[in-house]
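Got some structures for you, see below.
Note that chain A is present in both complexes that follow, paired respectively with chain B and with chain C.
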Partner chain A sequence: MPDALGYGAVQTLNALSFSALLLLNGLGLSVVLSLMNFVNLAHGSFFLLGSYVAIFWLGSGAPWWLAFPAAFLAAGLAGLLLDRFPFRRFYARPHLMQVLLTYGLSLIFADLMRWGIGAQILTPELPDMLKGVVFIGDMPFPIFRLFLIGAGTVLGLALWLLLDRTIWGAVLRAAVTDRGIVETLGIDTRRVFTVVLVLSAGLGGLSGALGAGMLAAYPGLDEEVLLLALVTVVVGGLGSFGGSVAGALVVGFTLTFSKVWLPEFANLAAFGALVLLLLVRPAGIVAPALRRL
Partner chain B sequence: MIRVIAAAAVVALFADDYLLRFLAEILLFGVAVMSLDILIGFGGLMSLGHAALFGGAAYAAAIVARQWGGDLVLMLGTGMATGLVLAAVMGVVVLRSGQLFLLIMTLLLAQMLWEVAFHWRDVTGGADGLRGLPALSLGPWALSGARALFLVAVPLAVVAFLVARSFIAAPIGRALVGTREEPIRMTALGYSLFAVRFRAMMVAGAMAGAAGALLPFVNQYVGPQSVHWTLSATLVIMLVIGGIGSLWGGFIGSAVYLGIQTYLSAYTDRWQLLVGLVFVLTVLLLPNGVAGGVRRWRS
Partner chain C sequence: MKLPHQRLTRRLALGGLAATTLAAPARAQARPLKIGMITSLSGPFAALGESMRGGMRLLLTQSGERFADRPVELIVEDDQARPDDGVRKARKLIGQDRVDLLCGVIHSGVALALRDVVTEARMPTFLLGSANDLARRAASPFILRPTKTNWMLGSTAAQRTHQTHPGARVVTAASDYAAGREFVGDFATTYQGLGGRIGRQFWTPLGTPDFGPLLTAIAAERPDSVYVFFAGSDAVRFLRQWKEYRLAGRIRLMATGACFDQEDVLPAVGDAALGGINTFHQSPTAPSSAAFVEAWGATGKGLPGEFSTTGYVCGQVIRTATERSGGNPTDWPRTQQALFDAPVETAFGRMPFDPRNGQAILDIHVNEVRAVDGAMVNTVVYTFPQIRDPGPDA
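== the complex of A and B ==
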């Protein structure tokens, strides 16, 4: 195998670009889950909405790089509206009711999008800058995936700074640990919740816009992405940034390399590996010492 | 109970084949939803992998039937055994921890079964599924028509309902509700959470397996869609529409869902939208489903 090194490098990059996508998408879900204790199964709908917004934006001839903020804003707006009604009434309800409500909503959104856009598979018209491939050794690798890794790293770093290094992030992390104490400091945690849900939805939309170049967009993608995000969050561990990164990397690499080694039974092997991992570490790879009440 | 049997007899006499097959399907799904209710409604165990038990038994029955013929006793035995084994595996793996963990683990395990059903073409037929099944039979009698299938499904549903009701009323069922409400106190009282939940899982597996075993004969087909996680989600939708925590609600829920699917899909492509709306409205307005609404209206 003369280009075994190149092949390995390309697969590693594939896994990294997939992990970047999983990270952005999983972070939104994870923050909402750990801060608000809210299971949002409509998260995949935000992703698919972002994909469609980006595809239409890129097809319209407007400046291409604005497609990503547009997807963020569109999904964020959807999140804001949903926060007003009916999510807010369900923040304090048991998980089961949240799961039921948001799953029902995701069914409605999925069918609305299929109604409005159709069931065909759409791929974005990438700008010239992101088209084509680069050669690593002898192996071609799409430039867009390099862009994905770069965007994922930059956005991930920005989010880490926001959550870990700003006063706003401190408020958020404090509210995850003990909401009551934060309230006694005079901070309206309901408004924090709204901001977080909008941010989470926007991140979902943004990752959808980025993911459209890799996964395309079609009805049913919302469910697939939701599953991956849930697995990422649970494997990584709730309530920490490092957990989401670890989860995204583990899931991204497991799925990519099981496709390389066992193409026929890739998902079976990958799911099996993830089940084993969860059995060994039920609380996820990075399990912060949270106060459990 | 006598009224139910009388109603079933009247239906069996006068309904046409199409309706009878549809009713048999409702009853089988109703049993599966009822077994899921034992887990979700009474045990608080949010499973998103129930289709693995239901559809796994359907596959097992279809495979055995192609090999040795569709004897009813053999089918029910195969289905229940498959349901029990799958539930035991699932139980050992998932019943170690709490809600979200359980949700993801049941989902992952069920999807693993789907991967097997989808890719193992020699045995499961892959994406095409299995067709051309022999007719169901009981000893020398062939139970091939829709009427015969309906007359098999009714006693199955009645027996399953009685089993579920006595399970819930028995000390083990009460203990199951206890583990949902007060897990720490139940542990302090000396109950093993795992043992109680595992038994509930086994009962649910056997029930779902018995119903699943007959499904290929009603549909004359079994495909990978019957073990996919969307079917698990569909069972949850049926459960919620019917009413969580009500055993007969499962039959209402499966009737509403399959009714929308069968009759409205003929008129509009948007039946999924309608299912979603009915589902969300149920969660918002009738948190205990149709059964809960009926109970409230009566009192």
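== the complex of A and C ==
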């Protein structure tokens, strides 16, 4: 191996860029799951919708960077409609009911998208700005992946500020802990939950738009990313923002370096490590500070 | 319950009249030939299954929905790429629809599962799928196979590498499942038999989201050439990232045809596929497929890939079987013998069947992906004529 340092650096960056994607993907799911206690298995559909929106946007010749807000808005709108019906009726129901509802919906959405867009594999036309590479030592690393790492960091930071450092985030967390008390303070918690669901769906769409450059878009991608998001959220620990970040990093690095060191047993090694981790810390890496009464 | 007497309405009278006049020229034996097709219309191979059905439908339309003057009825069932579903659908087609012939299948696991079902039911079957065992241990007297085996592609890729770049050190990378193991195994065995050097062998799980780590590892190996097998979304991701990591142009890329499938992969990857070499039994530029390519393009679907051509060829073989058996392909020993006696002219080229195992003998093309009017096209640069699977000798 001629350049061990460059090789190690590029593999680390590979892991970071995959972690950024996992973080973006997991954040939306984690927000509704930890803040609203709502299991949304249709989250992968938002991701795939965002991918499709971004691909068509980038192919249309409109300013490329607007593709990402467009995907956020499209998925957010879908989330808003779903919140009105039927999600709202299920926020207080047991998890099993939520799973049945949202899994069924994800199947319907998969068929609708296949019917509307087709089963072929689509990939985005990246802008020239993101097409290049940087060389680390003599190993190339794509600029698009640096963009992913940057986007993951910025969005993660923004969301953390919003939820942990603003009064609005405090209201939201209070509403989860004791909805009744918050209502007596004159705050419409239904509105709060609607905003969270729209935010979550929008994040799903946005991560789909960013992820399309790495993953392409096709029927079935929705289920694949949902699985990755669930793993990220569970490993990181429910109910905390730091948990999602930790989960994304741990899963991203485990999956990447298992491919580097044990390519034949990559999945076995990676998921075996994650199972061990959960045995040691059943509540996830960052156990939620108990807010429940 | 007694059915009410139908009154003789004008519509009924006209309908009856039309039916009798239309039926008149048909001969007494013209009971429709019922063909059951099992393919994947949902699940991971949905797009491929649509193509296979489309190829078969095109041939039926061109034939006026008749083979040897006998009307043909095609019943398509979806196996969702799952062996158990495939078996259930096959039993339904055999037992309930009472089809005369079965054909189809994309996933080799489904094909291997169907092998016992159709052999037990003594059902004449034109079975696709490409696992080597289908031409070897799992061959059956009731099965003819108008498609390739994995060995045909893996071994010719090795021969080609040896021809053009003798002594090249080749690293392999493939999806870690039965097909990938066969392609790479046959490539490596043949290449080493020719005195070639095989470097590291990389395996990645089916459905790998990120090829970055693998590509970085390949770049660090600095091989002369890489032989890969990926299909569908894996192929699209691999090729795009191959270009993103600037390996395109630095390392020679040789693959199985599926990795550069004309219909499924090339439109999605664009110029990231440029210059890729692959061995395949299908190519839109092969002279034998010219007529089909034109007819397929006329339906507005662009250039055909493996599975639309396979569906079409499967139809061509069944049509020839029907003609050579005097309109009665269910007379299986006679039909089989007729197909063993003389090759069938198909969009895959001249296709003799090996009497030992019912496996087609095929021309294997070496395709290079070239830009033609801005589109990526698998262009034939060399052809290995009439490649025969070792079959029971393997």
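Simple rule for what comes next: the second predicted complex is superposed on the first by the 290 of 293 C-alpha atoms of A that agree within 3 Å, B and C clash if a C-alpha of one lies under 4 Å from a C-alpha of the other, contacts with A are read in each partner's own complex, and residues count from 1 in each chain.
Note that a contact is a pair of C-beta atoms (placed from the backbone, for glycine too) under 8 Å apart; a residue touches a chain by one contact, two chains touch by 3 or more.
Here the structure is a predicted model, which means the values were calculated and not measured.
In the superposition on chain A, A:55 makes contact with neither chain B nor chain C.
In the superposed pair of complexes, A:264 makes contact with chain B and with chain C alike. With both structures placed on the common chain, the touch criterion links A:139 to chain C but leaves chain B unconnected.
In the superposition on chain A, A:272 contacts chain B only, with no contact to chain C. In the superposition on chain A, A:99 makes contact with chain B only, not with chain C.
Once the two complexes are laid over each other on the shared chain, residue contacts for A:16 go to neither chain B nor chain C.
Chain A residues in contact with chain B (one complex) as well as with chain C (other complex) are 264, 267. Chain contact summary for the complex, chain B toward chain A: residues 40, 44, 46, 93, 96-97, 99-101, 103-105, 107-109, 111-112, 115-116, 119, 229-230, 233, 236-237, 240, 244, 269-270, 272-273, 275-277, 279-280, 283-284, 287. By the touch criterion given at the top, residues 33, 39, 86, 95-97, 99-101, 103-105, 107-108, 110-112, 115, 223, 227, 230-231, 234, 238, 264-265, 267-268, 271-272, 274-275, 278-279, 282-283 of chain A touch chain B in their complex. Listing the residues of chain C that touch chain A in their complex gives 43-44, 46-47, 50, 176, 202-205, 207, 209-210, 212-214, 216-217, 219-220, 222, 232-233, 236-237, 240-241, 244-246, 264-265, 267-270. On the chain A side of its complex with chain C, the touching residues are 1-3, 7, 10-11, 14-15, 17-18, 21, 114, 118-123, 131, 133, 139-142, 144-145, 214-216, 218-221, 224, 228, 255-257, 259-260, 263-264, 266-267.
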